[in-house]
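Encoded as structure tokens, the structure appears first; notes follow it.
Note that the chains are named A, B, C and D in the order they appear, and that numbering of residues resets to 1 at the start of each chain.
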Amino acid sequence: MGDVSAQTRDRIESDRFCERMGIDLLALEAGHAEMALTIDESLLNFHGTPHGGAIYSLADAAFAAASNARGETAVALETNMSYLEAVETGERLTATAEETHDGGRTAQYEVAVTNDDGDLIATFRGRVYRP
Amino acid sequence: MGDVSAQTRDRIESDRFCERMGIDLLALEAGHAEMALTIDESLLNFHGTPHGGAIYSLADAAFAAASNARGETAVALETNMSYLEAVETGERLTATAEETHDGGRTAQYEVAVTNDDGDLIATFRGRVYRP
Amino acid sequence: MGDVSAQTRDRIESDRFCERMGIDLLALEAGHAEMALTIDESLLNFHGTPHGGAIYSLADAAFAAASNARGETAVALETNMSYLEAVETGERLTATAEETHDGGRTAQYEVAVTNDDGDLIATFRGRVYRP
Amino acid sequence: MGDVSAQTRDRIESDRFCERMGIDLLALEAGHAEMALTIDESLLNFHGTPHGGAIYSLADAAFAAASNARGETAVALETNMSYLEAVETGERLTATAEETHDGGRTAQYEVAVTNDDGDLIATFRGRVYRP
């Protein structure tokens, strides 16, 4: 963990896609980030449940913030997502990303998506490359 | 492959998240779907490149359409995504989902995301469960 | 967590592939298992480093033990593996599998592979189906 | 596709783990490899079915051969495996690896594992880094 420069924080907070999606940054440290998204009706799929892309986007946003928080550019190579529990409309989901390995050229992050009751909704793992 | 009922097609076309994201359905058969998304500035991340969540959402939408096209409900269990090539603002991406295995209770789909030049931008694989 | 019946323990310990590979069961509880493997020269690939299949087999064995420890059959659907650090010949690797979600029909396990110094060598995640 | 130097072919054929496991190289070109493994009783798990580690090892061996066939070293970063169909003892499995993307520093391979009837048993995808 560690501090994040004001410049890097401003940059990470200026994400247009997160703004469009309504994804909010809750916490940011080096290698750590928390993001939140409230599931409204515009995020539902044709089953009437939250679209997998919406939940993934929340997890991926936390992954991107955590992996770029030191100011050095990191780009996603590979990610995987496990969908574990159903989500109701109106729930607020939080994604918490942690750095689980720093190998220099690559690094690994795990993201847990939980609801307000603390239930684990989805698990995400991603690997970045630092060019 | 095979026909899709009008009712199922209407249902799949009524996806609110796809409407919000600007994801268009191009083709739909049993076990097959094609979706497209134009990368505009609202889909960019803090690097100024398309957000991983946007590209994933396109792939996931094609996966959901292909796996539900027979009218039987299929829910995503596990997915994985490989980010392969950079994308420019203004490019139109197409995701093509194919059923690669039908095991009854579960089925597998592979999705290729390509740009207008036919370059492979990302690869996605997903497994669904049929409750 | 919880106890494992003598019958289930005997069954899990009778794994022929683990015997052939030299994978030892160190600990077994419901939803938890630890396995170990010493990397000898017969496990090296053509680079002279441990074969990815050997390290995966260790992780997968811990996943199988943890997910079957309650006596109910669980079969692997999807797994993923991240290779993080190099391993030297002679090192003894330990795989620790934990149940991270129990959804009834499916369950999720995460496995950490570490060496004797506690370095994280590889990370594995798997999803099982209970028929 | 393309030719493989005699030196590289000899190197890839000298894999000790493949020898120990009984994995045979059937075909090798630049970006392409085929490997085979007969499922005997020593590869069974405690369910009496082929161990996931054995099937993965076959797929991973084809991935390693295909990704190193040009003579340049490639190391595995991330892999994922889908287990699709059951396998009987005595069946001979073939893994066919194809390069699906060459991005310079990284490359992607897909591996299909089939039985003698041509049924798709498992699907594998892997990403390598070229140091």
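Simple rule for what comes next: a residue touches a chain if its C-beta (ideal position, glycine included) is under 8 Å from a C-beta of that chain, and two chains touch if they have at least 3 such contacts.
Owing to the predicted nature of the structure, the values given are computational and were not obtained by experimental measurement.
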Count the C-beta pairs in contact for B-D and for A-B, then report the pair with the higher count.
A-B
In terms of CA centroids, furthest away from subunit B sits chain C
Geometric centre distance via CA averages, subunit D-subunit B, whole Å:
28
Distance from the mean Cα position of subunit C to that of subunit B, given in whole angstrom:
33
Provide the C-alpha centroid distance between subunit A and subunit B, rounded to the nearest whole angstrom.
20
Which subunit D residues reach two or more other chains?
77-78, 80, 82, 127
In their shared complex, subunit C is touched by residues of subunit A numbered 80, 82, 84-85, 100-101, 103, 108, 110, 120, 123, 125, 127
Can you list the residues on subunit B that touch subunit C in the complex?
77-78, 80, 105-106, 127, 129
Contacting residues of subunit D [partner subunit C, same complex]
11-18, 20-21, 41-47, 50-54, 56-58, 60-61, 63-64, 68, 73, 75-83
